[in-house]
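First subunit A sits with subunit B, and in the next complex the same chain sits with subunit C.
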Partner chain A sequence: MSNWERLVWNQQGVLLQGLGVTVEVCLIAFAVAITGGLTLCLIRTYFPPLRFAAIVLIEFFRATPIFVQLVWIAYVWPELFGWPNSFFTAGWLALGLQSSGYLAETFRAGIEGVARGHREAGYSVGMSPLLVFQRIVMPQAVLTVSPSIVNQFTVIVKSSTLISVITVQDLMFQAMKLVNVWYEPIEILTVTAGIYIVMVFLVSTAGKMLADLLRRRYGLAAA
Partner chain B sequence: MDVMPAIRVVDLRKNFGALEVLKGVSFDVHTGSVVSMIGASGSGKSTLLRCINFLETPSSGDIFIDGEPMGFRSDASGQRRLRPLSEVNLMRRELGMVFQQFNLWPHMTVLGNVIEAPIRVRGMSRKQAVALGEECLARVHLSEKAREYPARLSGGQQQRVAIARALAIQPKAMLFDEPTSSLDPELTDEVLSVMRELAGDGTTMIVVTHEMAFAREVSDRVLFLHNGLIEEEGPPEQVLGAPKSERCRQFLSKYLH
Partner chain C sequence: MSDAFWQSVDLSTFWEYRQVLLAGLWFNVYVFACSATVALAVGLAAALLRVNRSWPFRWIGTVHVELFRNAPDYIMVVWVHFVLPLLLGALIGRRLEIHPFVSAVIALGFVYSGYFAETFRAGIQAIPVGHVEAARACGMADRLILRRIILPQVVRRMLPEAVNQFVSLFKATTIVSLIAVPDLMYQVSMVIATEMRPLPLYTGAALTYFAVIYFVATGVRLLSERWRNKIYA
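And now, the complex of A and B:
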């Protein structure tokens, strides 16, 4: 029986379970990042009374190392706010919030990149600012920043390996557990690295294909 | 009694900070007539057009579209007040604007660009809007491009779509801001000929242009703008043929070789 069979193949149930948790955490974190990023960006751009608060949050999420944020949300927030009540929640929350800071700036660049003339053309046919935003600004902004959004998703996948530190049982956690049982890290960690590479590759390839498909549909050059 | 002009501009002034761009401009555009506006770059032509449909808010002065004050309105005590944006929006659709840079929305098809306002602003059904949109595209001779995206069209075609988009809001008048200035010379004719047809159909138009032959041919009146003031105005034969003002003469000498 080879080491590969003993350490990896026979442990596939545990690894797959961890992979499931990783995928779940990343998807939730991505949704949080998109929603949070868009909200922060909209407040920053269009709602002056809370602009300063939004900027502070954005900069805070971006400037804090993910490890510090993770531990801080997992151990300090429950004391301060009584929430999150599980490490799983703390995991996706920290990952999502950090990326929301980056995505807020990405969205802002996308919105500011829409030519003023395109907005004015909307106003000139009688569209309201809300309509112009929904129908003209947002679709174009999403089109231009879609590669950055995909990239941020890969950052989430990679950063997610840290949530094992707060005992969330993701792929990394299960891999390390196996290593600590057998004291034979070579095969387990190599395979684990391989799985992460494949995941990141799939996300970025699918994302790029989708973005290019959209752009080609509109007759624009590939990003 | 005087007929109400389609567009009346009264003592319009606009400054950007300390820079006074329009210094009191007044003129009428009668229904069905074409007014061309000429003048050197920086003389305030674009600002004037943009003030008329409130893409810029005038510093003072009045604009009437078919007698209805645009942008401002007097309240009970006679005080001039800015109209709420919702009313300005409503009135903007009485004016079709065509920009130098076309400004088509790249993520919508040609037909999508044209029917956007009829559906979202006028509240037409999709079916009605498509019928109207196809009619407008036929007027600019681009029916066969309805399903294309703007990026696949030539500049001249894009500008004609922009004209169709403006026509689709069924405006009382059309405003053209140098519609051929960003086109290659061989593409200007197709746009000018569409505009010629519109003028022939009795469309009320203000055209900012450097195409003097075109202005002479289609205009009922020509305005020469200089430093934010109308320096000379009159029928095209006079303003373009025998200008009284020295500045207008100098300006024209650059265009009539």
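And now, the complex of A and C:
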């Protein structure tokens, strides 16, 4: 098993560095996805003048493959908008935007899932629309959709392997670099695949536990 | 800035290469069709293992599902392309080359079989026990029950979810360009290498994929809903 030691164990610094970049990109992308998804969803539901634009954006993000979006944002946007100015930024931006499209639809399902009677009850005791949204709709919607939000994070982690293609130095990038140095892919790629599978498994297990907890405590079914 | 804008909206370069690019898009469809077949077959097998009565089978099914559902598709494609031939070659004792297309189909097929297995399982478990018991009381064999009672209902129940997964699978076929399967993205990067004009080509690719996926998915969803309603009514 000296191969494992030479190819994987002795390279752990490089691999861990890559893992750090992966985690960083995924967390930033997740924050972007939640903010963007919520914004898109609110515009679509409550702001008719821009509704059409929001729907176009949501459908575009949802119906375009992440790899295509990634190279499009990385190579075309800098010329088009002068931003993003680094591949790192392009990486989290693409991952975040793609997921914001999905999350917008998830949030919408959560908001529409709140029983009409709850809202009407709020109005009938004299709450303003904003207060009804803040106190009645939002807390329930967030609870029902939170397992789906965690699931979306697993999608981000899985898609994040692709940012290595635009030379962001994440775990996948470092693994491929080691493969190209040694030409011995078996150990490196297997370990890398294992790391990713464990990472995604942990996140999705957390999501499942969260869904169970919510169901037990609040009697909510996952959206 | 506005110059760059017009450059990327001006799709004439994209249109000029339409034949090569269309051939690439067909390759996407081709990879999709083959890996969808693999995914459905392996997924059904894994689902049947997961609802099996004896625990070793259930355990194998669960490991399969958790392994492939949690694996990023890009690393699986790379792993199958670079590692699998070496392992199989060592096993049979000679050099083995797997065509990139075959690697892509195996990798995507197995990754998505994990998702399809869960969809199948949910569909199987949603069928009332009474149906199976009734069939058994009539003296039907297990395989006949599966074919006549369970599967027809499962297919109808899982259709909306399965359509979503087919859409994801089609989107995932774009990454096969990274192991040099000549799909649309691959052709786009080849054309960019000769023309040196990434703006219109990448924009054109994004718009093409969007149009194809959006309209086909909407159409298929509509048809499948209509079919389901007709049968349930």
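Just so we're on the same page, the second predicted complex is superposed on the first by the 214 of 223 C-alpha atoms of A that agree within 3 Å, B and C clash if a C-alpha of one lies under 4 Å from a C-alpha of the other, contacts with A are read in each partner's own complex, and residues count from 1 in each chain.
Criterion: a contact is a pair of C-beta atoms (placed from the backbone, for glycine too) under 8 Å apart; a residue touches a chain by one contact, two chains touch by 3 or more.
This is a predicted model, so every value here is computed, not measured.
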Quick check on the superposition: with subunit A as the shared anchor, is it clash or fit for subunit B versus subunit C? fit
Taking the superposition as given, does A:120 touch the first partner, subunit B, the second, subunit C, both, or neither? first
Which partner does A:2 reach: the first (subunit B), the second (subunit C), both, or neither? neither
Pick one for A:140: touches subunit B only (first), subunit C only (second), both, or neither. first
Taking the superposition as given, does A:82 touch the first partner, subunit B, the second, subunit C, both, or neither? second
Applying the document's definition of touch, where does A:71 land relative to subunit B and subunit C: first, second, both, or neither? second
Kindly classify A:180 by the partners it touches after superposition: subunit B alone (first), subunit C alone (second), both, or neither? neither
I'd like to know which partner A:129 touches here: subunit B for first, subunit C for second, both or neither. first
Winner by number of subunit A residues touched, once subunit B and subunit C are compared: C
Scan A:217 for contacts with subunit B and subunit C and give back first, second, both or neither. first
In Å, how small is the closest CA gap from subunit B to subunit C once the two complexes are overlaid? 25
Which residues form the common part of the subunit A surface touched by subunit B and by subunit C? none
Contacting residues of subunit A [partner subunit B, same complex]: 115, 117-118, 120-129, 131, 135-136, 139-140, 143, 217-220
Name, in rising order, each residue of subunit A that touches subunit C in their complex. 59-60, 63-69, 71-72, 75-76, 79-82, 154, 157-162, 165, 172, 176, 179, 185-186, 189-190, 192-193, 196-198, 200-201, 204
Using the touch rule from the top, collect the residues of subunit C that touch subunit A in their complex. 1, 4-5, 7-8, 66-67, 69-76, 78-79, 82-83, 86-87, 167, 171-175, 177-178, 185, 198-199, 202-203, 205-206, 209-210, 213-214, 217
If we count contacts the way the header does, which residues on subunit B are in touch with subunit A in the complex? 53, 55, 85-86, 89-90, 92-93, 95-97, 99, 101, 103-107, 116-117, 120-121, 148-152, 162, 165-166, 168-169
